[in-house]
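Listed after this line are the structures, all set down as structure tokens.
Shared between the two complexes below is subunit A, which pairs with subunit B and subunit C, respectively.
This part shows the complex of A and B:
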């Protein structure tokens, strides 16, 4: 089956974001494919390129990176939520005259249309909230 | 707990995150959930992290593999948070 995920919660608050990443790996391990993971609201903070965690803390960024790098999963962040949370790619940084991009390049800034497309293209849409 | 107004006996409910506290035995929350006759599950890792051990008898523990298996069975998911 084809899955897509909607991630609403921040990776820095609670563990829903990490659970979503674990769920995604488990989906693939069971022989399914993941079409897209869409990050909305505080979920967009998962794309923070410059976030530094304590050495003894696990981070979900590595897990997302593996999904994109090894399994070709599309990691899409909502542009409106991303801008509010200071998550900008180079195009948006230039457009809004900010000094630098802040998102990991594995993530793509996109719109809600990509969430609608994910619903239409997938057998399952699973939401991970706050 | 708004979900008790919507959930039906053919549904499955998975408690995760702070929701695991509704799995505690002999609480108003777990009694309300059991009255729905839906199948009740709790994420084992989340319950362990929250120190929730005394589970209501109707609640089954599942891991992430079990959660994916449920999504294979049920075509639609509704999230409360």
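This part shows the complex of A and C:
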């Protein structure tokens, strides 16, 4: 079965972002496919490249990295939400004259069309957060 | 966009209009779906019914007026808008003055509605 996930809440508040990553790992372990994980609103903060967690806390970025790196999962962040939350790739940083990129390059900045496509292309679309 | 078959989507709005970015995110998603010619309907439940409050004024918040954005939805062919009747009654809402024409549903009808769609997007 083809799944897509929509992540709405920040990884720094509550457990929904982390649950989404764990769910994605389980879906893949069960032999299903993740078409895309789309990050919207505060969910885009999951892409923060330079956030620093307390030493005794796990960072969810590692979980996302594994999904993208080992399983080739498409991690797409909504550009409007991303810009608002200060999450910029190099192209956007240059365009808006900001000093540097702030997102982890495993994430791609894209539009809401990618969420619409995820709806159209997936058997299940699961929302986390909100 | 891939040439995947069209899916029906119900966007479920559960939060108040200005308490978080979720109401705006839901509207953005609805408009994007409509722009890509997808079948999308809306359901306001719980605190989400407050988004339908008439005569909203968000000037002092420095945020776009959500009521006015909602009123524009029929222009994008988003015509089917449903409301949790129990929540609307709890907040004493006058839906006749809401920015959108809505249909009120009881809990049983909400359940019947939800099972009709390929996807539910909850905001």
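What we mean here is this: the second predicted complex is superposed on the first by the 129 of 130 C-alpha atoms of A that agree within 3 Å, B and C clash if a C-alpha of one lies under 4 Å from a C-alpha of the other, contacts with A are read in each partner's own complex, and residues count from 1 in each chain.
Heads up, the rule we're going with is that a contact is a pair of C-beta atoms (placed from the backbone, for glycine too) under 8 Å apart; a residue touches a chain by one contact, two chains touch by 3 or more.
This one's a predicted model, so the numbers in the text were calculated from it and none came from an experiment.
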| item | value |
| --- | --- |
| Touched partner set for A:27, first subunit B, second subunit C, both or neither | first |
| Contacts of A:42 with subunit B and subunit C, given as first, second, both or neither | second |
| Which of subunit B and subunit C A:81 touches, first, second, both or neither | second |
| Subunit B versus subunit C as contact partner of A:16, first or second or both or neither | first |
| First, second, both or neither for A:98, with subunit B first and subunit C second | neither |
| Contacts of A:115 with subunit B and subunit C, given as first, second, both or neither | second |
| First, second, both or neither for A:8, with subunit B first and subunit C second | both |
| Footprint overlap on subunit A, where subunit B in one structure and subunit C in the other make contact | 8, 124-125, 127, 130 |
| Complex interface listing, subunit B residues touching subunit A | 16-18, 43, 46, 49, 64-65, 67-69, 71-72, 75, 77, 79-81 |
| Complex contacts: residues of subunit A adjacent to subunit B | 1, 3, 8-9, 14-16, 19, 22-23, 26-27, 29-30, 32, 123-130 |
| Interfacial residue positions of subunit A with respect to subunit C in the complex | 6, 8, 40-42, 78, 80-81, 84, 111-113, 115-117, 119-122, 124-125, 127, 130 |
| Residues of subunit C that touch subunit A when the two form their complex | 1-2, 4-7, 9, 14-15, 20-22, 24-25, 28-29, 32-33, 35-36, 38, 118-123 |
